[in-house]
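Below, chain A partners chain B and then partners chain C, in two separate complexes.
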Partner chain A sequence: MHMRTLDQTTQEVVDLASKHFNVPAGSLAPSDDFFKKLGIDSLQALELLSRLENHFGIELPDYEVQGVSDFRTLAERIQSRL
Partner chain B sequence: MKSFSGKALRWEWREGVVELTLDREPANEIGTVLLGELEQFVAATKSFESETAACIISSAQKRGFSAGADLRELYYGAVALAEKERNAGVRDFVERCHAVANAIDAAPFVTIAAVHGVCFGGGLELALTCDIIIADKMARFAFPELRLGLIPGFGGIPRLKRDLGNGFVRDLLLTGRSVNAARAQAVGLVAQLAGEGEALKVARATAAQVTKFDQAARVAAKKFIKPVPHAELRQEVEIFCELFARATVLAALKKFVESTDAMPYLP
Partner chain C sequence: MLDLSKYQSIGAALKDALTAFSRETCLIEADRDREKERLTYKDFQNRAHPLARALQDTGFSAGYRASIIMTNQSKWLISAYSIFFAGGVLVPLDYKLAASEHWQLLKHSGARVLITEYPIWRQLAAAPERASAENVKLVLVTEAPANADLAGAQRWEEFRNSNEPTFAPRERKDIACIVYSSGTGGRPKGCMMTHENYLEQCVALTSLYPFWPGVRYLSILPTNHAIDFMVGFFGPFICGACVIHLRTLRPEFVREAFPKYKITYVSLVPLVLKNLQKGLQARFDELPSGKRKIFDFLVAANKALTKSKPRPGLSRKLLSQIHANFGGELRAIIVGGAFTEPQTLQFFYDLGIPVANGYGLTEAGTAITVNDLNPFRADTVGKPLPGMEIKIVAPAEDGVGEVYVRGKTIMAGYLNDPELTTETFSDSWLKTGDLGRIDPTGHLILSGRKKNMIVTEEGKNIYPEDIENAFESLPVKEFCVFAANYVWPKRSMVGEQLILALHLENNQEYTDSLRNDIIARNNRLLNYKRVHGVVLLGEDFPRTASLKIKRNILAERLAQLDRTSAILSL
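Then we have the complex of A and B:
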């Protein structure tokens, strides 16, 4: 089975966030703080979590992403569940 | 009263189906206003229950079904009172929540929760009173109460235990994590999955189906399948009130309501 690289996962995370929050993908970088960059709150972050779980077919418990605020680290957490 | 429009919710009865729509910003937090109107709803259903086959509970708020108890109101209401009055006030609120939940749980018509977005804490407890939960695939479910030093107080544990395996109940409660709709369906919490934005539509189709059945059979089946766990519900009230009386809970609530973190619901 094809395994995603961390870069690929990160790009998919950025693309999903861009699409979900209607922000141009080109304006988002892997190291961006997504709370600040997307201007989202905790409930909107949960929407992104659902979007990511549905897309990657995984479960990502809240406590594993606690304190995570950049796309790259979020992608690392996802990668460990793939 | 077959239709009503209040500050936190509205309902409308039509052709044997009553639709109850929660609509209080930002995410249908359950405080005294919403609870008061739920009590009005429960009282009103007595006048039309004999001609009602189904009830759909949904939310008009974009964020979801309900984020749970109004913790800001709970905290600021609690700190304004001396310890004895505070504990009595919390007990009264919890007892009122239980009375509403028990009435919806045992209603002589089929109750359907159409859930989207967040369905947390008291919101999940409200959904759990329903016979059938239909969830948008972006819905999320959680009991975050342990993060505040509490247990769910509106009937959550007895109703979750009634329906689901204890392993999942422990996972949900003891980690406080939220789970997505697919997982909730896999464990039996959610009966049917709907596409994004389609939960209410699916709930209406389900309600239309149940209206076709004989009323006496429907009432008998529900009573047989879904007994209200009264003894455990009483235990829950006592445990909740005992835990709430501790200073650590007020401290945790204070931290939550005063938090400016992006994820304030996480301790």
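Then we have the complex of A and C:
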């Protein structure tokens, strides 16, 4: 099984988010605030989380992403559970 | 239901409820699709009493304060009951706050004990502010991994003594809970709620929305919030009903919970209700035109037949598929925490799912008014609950004025802040700071705010002064944050925004770099606390002798500007 680097994980998170919310690939950056950039609310962010869980094959408890609003931090939380 | 008029305290009523309903199921806890736990009232007692005893062994006694910072789960309620049993005062805090905010409120509340979850404790323990809250002597942490560093805390699961605890009686006038209605960053507003406040509110609410053994309440709103504390803990418990906790609140798992547990009641914030509406509407729009016509006809029929009062049996038959998604036994969605738009309320009512909306303030107990569905009035927030008096002060020509309330559920005052308490009351009347009028049928119609604050659709109260820290040392002469509707009064309860008023230095210009600095600081705030735009004012801010900004006078000056052109969006 190959291990992803944090950069790879981050890129996959960004790609999935752009797919899920239908924005052009390349328009999102790791440091972006996804609430602001995508104009989404906390519930839509939870939807994204479910999609990420399926993709990475992990469970992310809600508390892990409490207060997280940028892709890179989100990727770090995922990385620690891979 | 227990006869609450016989009781002096929350603890005494709950103690009897655990015996009276000992064989009924009181709690179900699920994580995703896995059911983790199912407890009867007897099981609950067996979990709680050893905790109460162990607390008492540390010297914890009547009047001592204990805080809970946890997500919704069975251990929240077990801990709360143990605190009340030992005569303690509960300080429920919002688990979504930042660690520094938690410590600030823990310090302010004077809590001696903190009960929390390991992931939250990990952050709290690492925060430098911990050192300042010396009053917290004992920390109990749930669900800590086997080899975890507890940083001075003890494991909740191991903190127990099997000897019987001693029940500590309290009186109705004693403080039961200190509930923070806001005050992170600025001036903490710790509402001192008495046992009487809760006992009376429970009687009033259950007279409209009753619980009984067999009712299943889905607990989603945080339990520290007055609504979930009442309808997701105290109310159902004294009636022998069952509370369901989900450890994750992802929409897909919440959706599954309705049919799986045949939910009777649920409480939601307006934002979630609106999302639910959007999802349903999208599904209706996808129906092929033939089916859509039939569906529209059934909704119209249901609407006509439930005009004067809800008929749940009939609605479930007419619109069986919709109701099946909700488990088929949903009696009402309780919506609270913020204002709900009438069209959302009407949407659900027309589908045969009554939405119990209302109006409340932490300071006034759980609710002041509730829609009694008799008949349903989507354009109002309902009538005053039994025992609650409302008056409209200094009404304008259209009858709109500030809403004052009085009754047995109003708080005793703000903790450690007699000055703020005095400002908030006019004799025995609580000044709500909200504007509204009473219609001829006795329904309250809210129409705006008089106070400088906003409430988000997620039910968060935001006081502008509480977020000014984020702009500390901004390179300008002075700044101040306002609710836009406070500066430019508007007859509206929706679309509220915050603005940052700036006074630049002489010769300073509002440059891109300043704007970017503001955006960067703004982005460090949680998304619901962010300011929407900047307003420039070319004069000194009015200040008191002690150099505090006179907000009301500054607001009057800003109000002379044209709202639309004055707000420079970020």
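What we mean here is this: the second predicted complex is superposed on the first by the 82 of 82 C-alpha atoms of A that agree within 3 Å, B and C clash if a C-alpha of one lies under 4 Å from a C-alpha of the other, contacts with A are read in each partner's own complex, and residues count from 1 in each chain.
Assume a residue touches a chain if its C-beta (ideal position, glycine included) is under 8 Å from a C-beta of that chain, and two chains touch if they have at least 3 such contacts.
Since we're looking at a predicted model, the values are computed, not measured.
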First (chain B), second (chain C), both or neither touched by A:Phe21: neither
Contacts of A:Phe35 with chain B and chain C, given as first, second, both or neither: both
Chain B versus chain C as contact partner of A:Asn54, first or second or both or neither: first
Set of chain A residues, in rising order, touched by both chain B and chain C: 35, 41-43, 46-47, 49-50, 59, 61-63, 66, 69
Parts of chain A lying in touch with chain B, wherever the complex brings them together: 35, 40-43, 45-47, 49-51, 53-54, 59, 61-63, 66, 69
Chain C contact footprint on chain A (complex, rising order): 33, 35-36, 41-43, 46-47, 49-50, 59, 61-64, 66-67, 69
Residues on chain B engaged by chain A in the complex (per definition of touch): 26-27, 63-64, 67, 117-118, 137-140, 142, 175-183, 262-266
Contacting residues of chain C [partner chain A, same complex]: 32, 71, 95-96, 98, 117, 119-120, 247-252, 271-272, 275, 458, 523, 526-527
